[in-house]
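You will see chain A twice below: alongside chain B first, and alongside chain C after that.
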Partner chain A sequence: MNNPVTARRPRLRGIAVAGSLVVAIGLAGCSSPSAAAPKVPQNLTVAFSQETVDLNPYGSADAQQGLRVVDNQIFDTLVTQDSKTGKYVPSLATKWSQPDSLTWLFTLRKAKFQDGTPVIAADVVADIKFLAGSASPLSSLWSTLASVSADSTSVVRITTKSPLGTMLANLSLLEIAPASDITKSDFGTHPIGSGPFKVDSFTPQSKLVLSGFKGYWGGAPKLSTLTFADIPDESARLTALKNGEIGLDWVVSPDQVSVVSGTTGISLQESDSDAYFFLWFNASQKPFTDVRVRQAMWYAVDTKAVTKNLYGAAGAQMTSPVPSSVFGSSTQTPYAYDPTKAKKLLAAAGYPNGFTTTIMFASDSAPLIQQQAQAYVSYWAKVGVTVQLQAQPTAVWLQNLLALNWQTELQENFATTGDADYTLGRLYTSAANRTGYKNPKLDTLLSDARATTDQSKRKTLYAQAGKIIWDDAVGMFPIQERDTYAVRSTVKGFVPSVTRAPSFLTVSIGN
Partner chain B sequence: MSEYSEIDPTGLVEAPRGRATRPTKATLRERRKRRIWPTLIPVGVFVFFAIFGPLIVPFNAVSTNIVDRLRAPGSVLSNGSTAWLGTDQVGRDMLGEVIAGARLTLIMAIATIIIAGIIGIVLGLVAGYFGGWIDNVIMRLADLQLAFPGLLLAILIAGVLGPSVRNVVISLAVTRWVTFARLARSSALSVRKLDYVSAARLLGASHVRLLSRYLLPASISPLFVLGTVEVGSVVLSAASLSFLGLGVPPDQVDWGSTIAAGSDYLLSAWWISTMPGIALAGLVLSVSVLGDKLQARFAAARSR
Partner chain C sequence: MIRIIVRRVAASVLVALGVLTIIFIVVRIVPGDPASLILGAGATHQQIEQLRTSLGLNQPLIVQYGEFMINALQFKFGTSYRLGGDAMGQVLQALPATLLLAATAMALVLLASTVAGVAAARRPGTLRDRAISGGAMLLQSLPQFWVGIVLIIVVSGTLHLLPSGGYGSPLNLILPAITMAVSFLGMLTKMVRNSSLEQAGEGFVQTARAKGMSEQRLFYVHILRNGLIPVVTLAGLVLGVFLGSAVVIETVFAWPGVGRLLIQSILNRDYPVVEAAVFVFALIYIGLNLLVDLLYGLIDPRVRVAVTA
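== the complex of A and B ==
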């Protein structure tokens, strides 16, 4: 496709060259001409597939990808996970130690918040306390926290009630903000962090304008502004990319790859992803209180065919409740497509003629999510279960999700820390009560796995926990994804991220 | 509309017929132009398919076939059948989908017209017949409502009620009654002082009898024409609501929702949006041509 922007560029460059020649000739008499090329404005607008409703990293949306992606630019965490090795590396904390199995000491680097105040231990203490005591979906990660205090302005002491094997993973999700800021009412719209970009303006579900923070401890970002445009409609996003309105779009859904591939000036980058889909059954409501009903729902669906036909190369069938790349994943017995068995199980559970239920999902929240839901509904109809689609706006969906106000629920989820504790340990405990499913044995396994620092033992414990979740069909775990990013050739230095929250620190705009 | 007047803004009120004169060549040509049956054919085709189509091409909105998704028109599917209009993003046959959409779209449009028509006619006749403060209240209410763009109001109501066929009909009927009310009122105004109405009143006919037996019959033909003209715009409004996700729920299909679902695939699978789009344009066009003909016929009858 002939792109008007790229087509025009050489001509513009010609004019620029001619212009600089004129200037050069004019200046030749007074001083020696400089051959420096005209500087390209370092402004980048990007769009990704999810909506940002809020920026508060301790609020109800804090596990949402729409927030994690942008907060990753605004805030720093004490440690971050190296995407290549999976190891946790220093960020705001330069080093850490464990005097005993219940105590952690973190030493902070000299860094500044975007308002110029230094980052001190008291801020970190306040942030951890605030998150642990909040109603956020991430607070359950801190359930074993005993106390947190500041030894000096740069040393944070964290003690836990039992050993916490996931301390570093948890801290990689804890955005650090000034202690005085976190309780302010506008914290969700104008937060201050110590990250490479600061908030200029934010309109929820519309636009977030960030500008580069010159005083960033890791060096000033190359971009002067970074704008996140919220464009929920994928074809609109791809059009915006093609006409140069945005420089980067992720993730491109499998059906749309053919639309952009081969376009001049746009390249596609593929990346592993920690994104996957699950379909939960609300085990606190009939008929899903019965394990046979939940299993029947899974046997009734040909997840292999759905994966292959809808996602193709962008998806793989899951073998455990977490993606295979995540620490703690295991190989479970797959639920083979077997509608006869599904019918038998339904009959045994007292539903020989099926039943009527609903499937809730956030519209446009993930690639092909509605098509996937429709495919399931079609399969279930074949075993007599009538399922109505409930497509909801993200904010409404989130509210219903956390209130357990749904019967079945399909969503794209992220194993953000790369550790099974983040998904299994956070979502499936009786205390978290996210699915209505309660199993004391599973609770014990998950808390043991969290408390153990012996990694091979943790792996075994997660395999056992995964087996219970899988065999009891707390949910269906159909597809893990592979992501495609579409990048304009003017965007230099971009590297995709498995978490879908790439860093823009070293990204710049070239010709 | 050349014959705009205060009491009959649409120019549709039928005047008593004069005696026909011998037709000249010019009037014959005129009459041929006004012939209604050619324009009935396309409308009839749509109605036929809406009624019998689902029997000929069975379609189940819930049943997907993801193996055969996004197939181009004319493709042979895995079960050996041919998808003449292609398949959509979940592998449903577009031909069946367009026909099923025709049925739902027409049901919504006709139900809307009937409900809006009944409300509008009753209120309009009452306003025109009684006059005075009743007239003032009803017609100011109508004016108030006309101040809002119709679709905007429908979006508001549909948004509050939630997506379902019934709610589409409610929200569109609420925004459509005004046109009917104004027409019924103007016709009531023009008829109520005529001798035969006065005679009936002197004979002791009740208000209800006068309204239903004397005023209503006099306005029924222009109202019928108006109803026909309105079908087109109601079809368009219903499709707009569905396109915006406020119309039919996702497990039912009408043209608006199919067009919306296909908009993500405009560049890769153009047929998903295009097929129902053509059907929608065709229906709206043929209904409005029919409406124009009917209107011209009544206007001519009136001027004779």
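== the complex of A and C ==
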């Protein structure tokens, strides 16, 4: 690896440019109608709640939201998921076909990278090979890849060792870069893509400045520059929004919404999200080896009330082990709040007087996670189960989580691919052994669902798998999040996304 | 004098070696695995093991230590696990921002504390003195992150006078520099005041006064000059403490410095960056101490004599 530091422009000039940019944006934010020029400068600065450390779409940060959000502007993927219907629609690929269950053919559209070179099949081939051969988190999506080759400059042939039901979901996360660029040393700081915005400069911990790519195949974006400011502190971020230093802030924490709601010039947009909470029971340890105990824990909690009281509009009660926006979710029978039933189940399992256990979570890892854990603890106390809070730093929590060194565990999860395989298929198999729960029938359903390219059949299989996970209470699935975006009224045409990586192609600045 | 310098520098090198060893041990004692943090909660055990091997974390500790020391002495700390680039390069890239912030805060502290301290010392026991001393005490006890957030909300949010954070223009520098200066402002104001008053009771002051020197001249030429000697010592150390407080302030104000890099690297167990950043901080701290020691001898001839004797 190289040192991305050395190839920087002179610092003083950078400071001067950045300074004038901040002032310009500040002025643009508070310009009065009388001063309104016929053309408003199309510069937008936004802030996402998670930091971007690296832009390399095949690097160790490739599954992090901070990277996906910005790479979605710089790069294209072959297909994208339509956030309304959940279907995969053409992007760089105009059409695709499956000559047999192991082979996929993708036809590319005429598109250009930001350096002017055309996007050809050889680029896609190199990218897939590179990611599949890397050690990055998303490389595991490609473990069944057999070969990838170019039939012509515009047709890509992908074959797999076994049928891959998640092919389109996987491709919707595969950013396409020029074959010659991906091994360059500055790929992580100054990559080239074929997306609507190209990288002007990237200063980690400070900002990423993008400019509109006029040669974009989908039409030039309306914005001339799009800057991602890295502001780690949420109250500072909201102040920056109120001041007009930034035009958009997401995701706003549920307990911070009141800080901006009702502010003149700022509107709040809510969106479904692929983020959700689950609470796992360690089924390899007593008393959670007994399904009745796990179910009792769920019946003992009024998840509806917890969702409403803590998260309000920022949360919804879950009806499936994956968020409803994810492919493969299916509505299950809810566990109604019933402490009497919980006590009966506990007594039947041999714990008429309850027991003592712990709940582990990573402190500050998600909005209101501590309060949520506390709410469960007080509900469980009512049925005689004493639960101690174990708030841990993320590093420690993760180590304990992977070692199954916990009894119950609360965490926020994100369905990155928008497909149930990414969460159910990875986390609930006996081989993965993440919760101590092992069920050969579930294993078969999950592996069949991955190895079927018939999407309606996959849906049925995930519905069956989801029912087992839900009814056996492998975990409790209380809340799926709804994300709040705080938008200045000068920002026009913005639409949130369940992936948290919205498109800025049609966004513009008005008065 | 040269012998003293040589001895001090030799001692500093030993301290630096000690620091390297301590960082190496401490980052590895703290629970948490860099590989699983990089890959996230969804990674398989196999992926994690593969990454641990490629990061060299599966080697025996003593081998890791030997490699670390050999490389560190050449200023090489390896590749950042989290950011990809050269670890020392990342630290050096963030360093100017931190030094700019610390130097500005230092200038603020020295200027304001001298003015306030003198104002208090010239009229000891008066209402003015008590107000300044009381204010100094108050400032000293305010937690920095709180001062930072209050400044953002009031100065930036309510009054719209300054940007809430970020880096680039001199306007961005004001709030974080004030936040960094605040608690030490109280400390140094009291120092200037007390040490000036102490000097005022010395024999040479009475002699000068007996010879008919004006009170004004007496204060600024004799009392304050001597009174500032301990302040120099303290100021050198405060500059070191500033680097520590940068961790909090840079996060609150989105300031792209080493402090913020360090805290993120610690949370993510990015060993190479933590090691490089702590080493750089340690070198600065050692350098400052050395400088203060030598400066002290230059300013105050009595110290020089005492050390050589």
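By our rule, the second predicted complex is superposed on the first by the 297 of 511 C-alpha atoms of A that agree within 3 Å, B and C clash if a C-alpha of one lies under 4 Å from a C-alpha of the other, contacts with A are read in each partner's own complex, and residues count from 1 in each chain.
One rule holds in what follows: contacts are C-beta pairs under 8 Å (C-beta built on N, C-alpha and C of every residue); 3 or more make two chains touch, one makes a residue touch a chain.
Note that this is a predicted model, so its numbers are computed, not measured.
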{"item": "Touching partner for A:305 - first (chain B), second (chain C), both, neither", "value": "first"}
{"item": "Which superposed partner A:377 touches (first chain B, second chain C, both, neither)", "value": "first"}
{"item": "Which superposed partner A:140 touches (first chain B, second chain C, both, neither)", "value": "second"}
{"item": "Dominant toucher of chain A (residue count), chain B or chain C", "value": "C"}
{"item": "Contacts of A:245 with chain B and chain C, given as first, second, both or neither", "value": "second"}
{"item": "First (chain B), second (chain C), both or neither touched by A:511", "value": "neither"}
{"item": "Chain B versus chain C as contact partner of A:444, first or second or both or neither", "value": "neither"}
{"item": "Which superposed partner A:235 touches (first chain B, second chain C, both, neither)", "value": "both"}
{"item": "Touched partner set for A:363, first chain B, second chain C, both or neither", "value": "first"}
{"item": "First (chain B), second (chain C), both or neither touched by A:149", "value": "neither"}
{"item": "Shared contact residues on chain A - chain B and chain C", "value": "233, 235"}
{"item": "In the complex, chain A residues that touch chain B", "value": "233-235, 238, 255-256, 258-259, 305-306, 309-310, 363, 370-371, 374-375, 377-378, 381, 388-389, 391"}
{"item": "Residue ranges of chain A touching chain C (in the complex, touch as defined)", "value": "1-6, 8, 11, 14-15, 18-19, 21-23, 26, 51, 53-54, 56, 59-61, 63-64, 135, 137, 139-140, 188-189, 203-207, 229-233, 235-236, 239-240, 242-243, 245, 393-396, 398-399, 401-402, 411, 413, 422, 426-427, 432"}
{"item": "Contact footprint of chain A on chain B as seen in their complex", "value": "62-67, 69-70, 89-90, 245, 249-251, 261, 263-268"}
{"item": "Chain C to chain A touching residues, read off their complex", "value": "30-33, 36-45, 47-48, 50-51, 54, 79, 81-86, 89-90, 92-94, 96, 149, 152-153, 156-157, 160, 163-172, 251-254, 256-257, 260-261, 264, 267-269"}
